[in-house]
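Shared chain: chain A. Partners: chain B in the first complex, chain C in the second.
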Partner chain A sequence: MDILKDIFTLHLVLSTLRLATPIALIALGETFSERVGIIHVGVEGTAVLGGLVSALVAYFTGNAWLALIAAPLAGGLAGGLHAVWCIRFRANHVVSGIGINILVAGLALFITSSVWGWRGTSTYAPTLNIWYISCAALVIIIASQIFIFRTKWGLRLRVVGEKPEAADTAGINVHRTRYIYTILNGVLCGLAGAFFFNSVGRFTSGMVGGRGFIGIAAMVIGNYSPVGALGAALLFGFIDALQMRLQSFIPSQFSIMLPYLLTVLVLAFFIRRANVPAALGKHYIKQ
Partner chain B sequence: MAIGPMFKRSVVLKEMGITLLSIALAFAIGTIIIWIAGFSVSAVFSNLWKGAFGGKLAIGQTLAKSTPIILTSLSFLIAFRCGLFNIGAEGQMYIGAMAAAVAGAYLRLPIVLHVLVCLTAGGLAGAFWGWIPGYLKAKRGVNEFVSTMMLSYVAIGFTDYLVAPRGPLHDDKYWANQTIRIAPSAVLPRILRPTQVSMALIVALFFVLLVWYYLYRTPAGYELRSVGLSPTVADYGGIRIKRKYILALSLAGLLAGLAGSGEVLGTHLRFIGRFSPGYGWDGIAGGLIARAHPIGAIFAALLMGALRAGGMQVQRSGAAPGDIAAVLQGLVIFFIIAPTLIRTLIRRRRR
Partner chain C sequence: MSEFAVEMRGIVKRFPGVVANNDIDFDLKQGEIHGLLGENGAGKTVLMSILYGLYFPDEGQILIDGTAYSHYRPAQAIRLGIGMVHQHFMLVPRLTVAENIMLGQEPAKSGLFLDRETAIRKIEAFSEQYGLPIDPRARVEQLPVSEQQRIEIIKALYRGANTLILDEPTAVLTEQNVEHLAAAMRKLKEEGESTILITHKLREAIGMCDRITVLRKGTVVGTVNAQETSERELAEMMVGRDVVFTIRRSQAKGAPSPTLRVRDVDAKDDRGLPALKKVSLDLRKHEILGIAGVQGNGQAELAEALTGLRPIQSGTIALHDRRLAGKTARDFITAGIAHIPADRHLRGLVMDFSLRENAILGQHRSKPFSPHRFWQSPQAITGFTRDIIEAFGVRTPSAATLARNLSGGNQQRLIIGRELSKDPAVIIASQPTRGLDVGGIEYVHEQLLKMRDRGAAVLLISMDLDEILMVSDRIAVMYDGQIVAIKKPDETGRRELGELMLSGSSPRLQEQENQEA
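Let's turn to the complex of A and B:
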């Protein structure tokens, strides 16, 4: 029982909230883009890019707020790239996302060694209190829930993902809607990247470490709703926090792989409801 | 030579043309990046070439790096042909490598048999690691790109634990995270001394032919591809899609497991924790650049291997960080995956 007391502390609750933040942001972004029909597996790479850009801006300007603004911008740019590739050039969505992941991984190593002389890590730079981002994330998520299910714009974006032909007939610009929300996904992932940078104080190439994919898992479990995504993200945040507490009790290699293993298990045992947008991953060709 | 019953010669030539143009475009953008970053473009490219093809040692490096990438590319593309994304080749490779290393170090068998047993062990262990996401996809509808990725992290952590200083398979003679050496009878011999090229290359090429034969010359392979082309049509045709999903990901795991086995039996002669510089991820790139064709995987893997070998030389020479090779790799993929991009560019030129 003493061990349990050592593990379950207020600290654990706070770490859960902290670690859930980037996962929730990524899951929210993915919810937006998949709701309009665009799968984005590049969220992992986009978050890495956000962290990298934060570190670069914080290092060169010394201003943590500028860094916080730059990361979502860079993320939005990457989201835009993905959108152009999927919509304009009709690339396979998953393949294009993988492309972003690989390209950013390469860029991260190249840029860190060029700028700081170390492969994959930056120096420490000024940061912000990450609770700002966590609180902002909470507000954004609740606002998004209302936006998607209670406003006309939300209805439009859902129609684009369900029945693009019908949306088109009703005068909704399908491609433009898809561009907007794929870019928004990038913006949110960039913000998640900024969170990673601010919580560590510097950039390391492994700091996202699969949490982009865990974000996608959270989106799936959250059943394409922002609040659902938040709930799933809190679960994964808790697993992550528990993992860190357990490091003093079991070999670190074991505890490090725990979140990944549990993600697979949660996905396997979670009961599926059917909110998958009908036009997910399909290219829309205007007649 | 027939490349595949589905492709006519003219189509193949056109696809190859588009691929080469994509590579050229990627290198052009790469040049701009090198220039912006303030490095000497000529020094970077001359060292890239020198490290990849400048002499016997360089070519040996390229071939040695390409060997596992051929197999991981096959791993990606066989799942891709079934409409699935195996982005967990890295982890399947680690599991396979570990099984091969254990079989190589702890079994006592006659010379040829031992190697075969080790390869089988590695392949089957990898296949098991691919079977898990396949099973979850078929039975529980779990996204395979999420689960293969997650299981990769699990595999890397788990094997790392096994060879860590207090782990059960750690070689106590050294501080490094590694197993004991495999028996001499389990070694895949070197074929291009003094370079690291081993018989693993022959194994890889053999599997290229095998995968090609399976996909394009057998009914089972035809069924697998038809699931990838259209699951609904395949379903109407009486193909059991779920079984094909499990099979495709198991085969993908098998091929990745063999990639790891080849590294253990031919290159390192033991399992070393985190030995891979990312051959599994390179396989995704390789499979995409090959346009998911097994024969193309040889050339795609050669490109990836050359970039890795060349990148090391760029690093040594101090011309630029060697990771410029990874940037080039990323750019190549990006242009390759948007075939309509190149077509649009060609059409604009004509107008």
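Let's turn to the complex of A and C:
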């Protein structure tokens, strides 16, 4: 019982919320882009980019707020790049996303070593209290839930991902809609990246550590709804927080596996329920 | 308000290798129901797609309510009051009826939130006014096709359509639902809507329309008042009374003898309903047997049954004395039955494969192409493909070109080349000239006649009565899954065949039967 008391503390609750925040943001971004039919596995790299840009701006300007604004902008740019590949040039969505992951990984090594002289790490720079971002994320998620299911723009974006022909005949611009929400996905991932930077105080190339992919898993488990994604992100956040506590009791090599193991298990059992948009990953070619 | 809701003048639309619309004039009076009648490929849907803004015409002028418009897209067509109910519905199955209908013109509360209740009330009002019962709260995926069609009509009305285009609306409906649709169309007319009904069914055109325009091979044959015409007149207009081609039918060189015997074959269609009912016929060496019939009377299922693609419920199919019923398509191929399928893209070719790969489809296992269990012989395949390209005049940059990149006529030449080079005992040719231009059609006919003279038994299924009359040695008429008559082309004519196709019996036949009785 004493062990349990040591594990389940207020600290664990706060850790859960903290660790869930970036996963929830990424899952929300992916929910938007997949709802309009664009798969984006480059969310991992986009979050890394957000962290890198945060560190750069904070380092050079000394202003943590500017860094917080710059990261989503950079993320939006990466989202826009993905959108151009997938929509304008009809590239395979997954390949384009992997491209972004690799591109950012290379960019991070290049920039860190040329700016700070260390491969893959920055120096410490001014940060913000991460709870600002967590609270903002909560507001954004609830607003998104209302936006997607209760507004006309939400209806339109869902139709674009389900049956673009129907959207087109109703006078909705399919390509423009897809651009907008793919860029929004990038913005949210950039914000997640800023969160990672602010929680550590510096950039390290491994700091996202697969949570972008876990974000995609959370989106699937959340069944393509923002609140569902939040729930799944909280689950992952809790497991992550728990494993950190457990490191005092069991070898860390094992406890660190927990979130990833959970991802595999949950996906294996939940994927059947998934509410996959019918036109996901399909290019829309006007006749 | 102009007298005409729509006027189309001198519309020309060309696609590679085909003139889909050739100088078409069409007008729709305010508040009338105008039927657009024609066989498949006559250009009806293309003309209406032009009106709806899905295609731009190459030439011609479109006036909507008296004002000329050009190069507009569907979004603008909707604003101009034109609504189209596509053959394939534009509905999102997972959303509710109301969401589908209001899409693009959603009422909002405080300018932000979807006002579902207002939309539902509006939809219910339309539903009431036009006598089209629907449940706006249901999910589309749970609804039957007939209700989905009503949703599409209300969707068009909701968007302010005063001109409705219905593309083959009855094709998906049961007899009873066709009645309901007809009633709804009368109601729409009372409410001042103008409607264009695309169809190939004569009775419906006469029953539902005020005027009927008949298209044939991309041109207007004429426009008639529905009350002053008859099914017979329309049928003649549809299939053409002027013989464009000279009949090149020659006497077969050898004597016909039975090759493929078909006895009492029953088969079901894709929906599980009886499509073939005790069909018996003989395909004979040195003979082309033409199958005439209105689309959907079992011809497609017959072709599939005779090539092993569709299982038969009962009956026998035997090539010489080899029983084939119940065997696989592969057995039918090795027995010597070649197939020119009706749908080139679905069954004839793998569109994203090269000509080389397509050329050996079905014989890819045979020795010259696959000399070893694991390896193919690229040289043999390329050589064979080049032979087909040369012998059958396939115009292509190379043997490695993708099938997708050939024109329809050249795709068909490749298929015919492949099938005929097997030196088959039997050839099942379904709509072999569909979508081809005059030169292509002549070529296909020559090839079929050549194979007949070499001793093959040919089954020619065609919607084109001219074609049937021109090349067949015997003509079988299919009606409602049965062979209702077998005629010699010299002893029958378009009129008698037309009667048989439409009703399963001809007056002359009935007379004979009466005399016999």
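Note that the second predicted complex is superposed on the first by the 285 of 287 C-alpha atoms of A that agree within 3 Å, B and C clash if a C-alpha of one lies under 4 Å from a C-alpha of the other, contacts with A are read in each partner's own complex, and residues count from 1 in each chain.
To be clear about the criterion, a contact is a pair of C-beta atoms (placed from the backbone, for glycine too) under 8 Å apart; a residue touches a chain by one contact, two chains touch by 3 or more.
A quick note: this is a predicted structure, and the numbers were derived from the prediction, not measured.
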Overlaying on chain A: chain B and chain C, fit or clash? fit
Once chain A of both complexes is superposed, is A:Thr151 in touch with chain B (first), chain C (second), both, or neither? second
After lining up the shared chain so the two structures overlap, which partner does A:Ala105 touch, if you call chain B first and chain C second: first, second, both or neither? first
By the touch definition at the top of the document, which applies to A:Tyr284: first (chain B), second (chain C), both, or neither? neither
Once chain A of both complexes is superposed, is A:Trp116 in touch with chain B (first), chain C (second), both, or neither? neither
Once the shared chain is lined up, is A:Asp168 touching chain B (first), chain C (second), both, or neither of them? second
Using only C-alpha centres after the superposition, what angle do chain B and chain C make about chain A, to the nearest 10 degrees? 80
Minimum distance between Cα atoms of chain B and chain C in the superposition (Å): 5
Overlap of chain B and chain C contacts on chain A, residues none
Looking at the complex, which residues from chain A come into contact with chain C? 146, 150-152, 154-156, 158-159, 162-163, 165-172, 275, 278, 287
In the complex, go through chain B and note every residue touching chain A. 33, 37, 39, 85, 87, 132-133, 136, 140-143, 145-147, 149-151, 153-154, 156-158, 160-161, 164, 166-167, 281, 284-285, 288, 320-321, 323-331, 333-334, 337-341, 344
In the complex, chain A residues that touch chain B: 41, 85, 89-92, 94-96, 98-100, 102-107, 109-110, 113-114, 119, 209-210, 213-214, 216-217, 220, 251, 253-254, 256-257, 260-261, 263-264, 267-269, 272
Within their complex, chain C touches chain A through residues 54-55, 74-75, 78, 84, 86, 90-95, 99-100, 102-106, 108, 112-114, 159
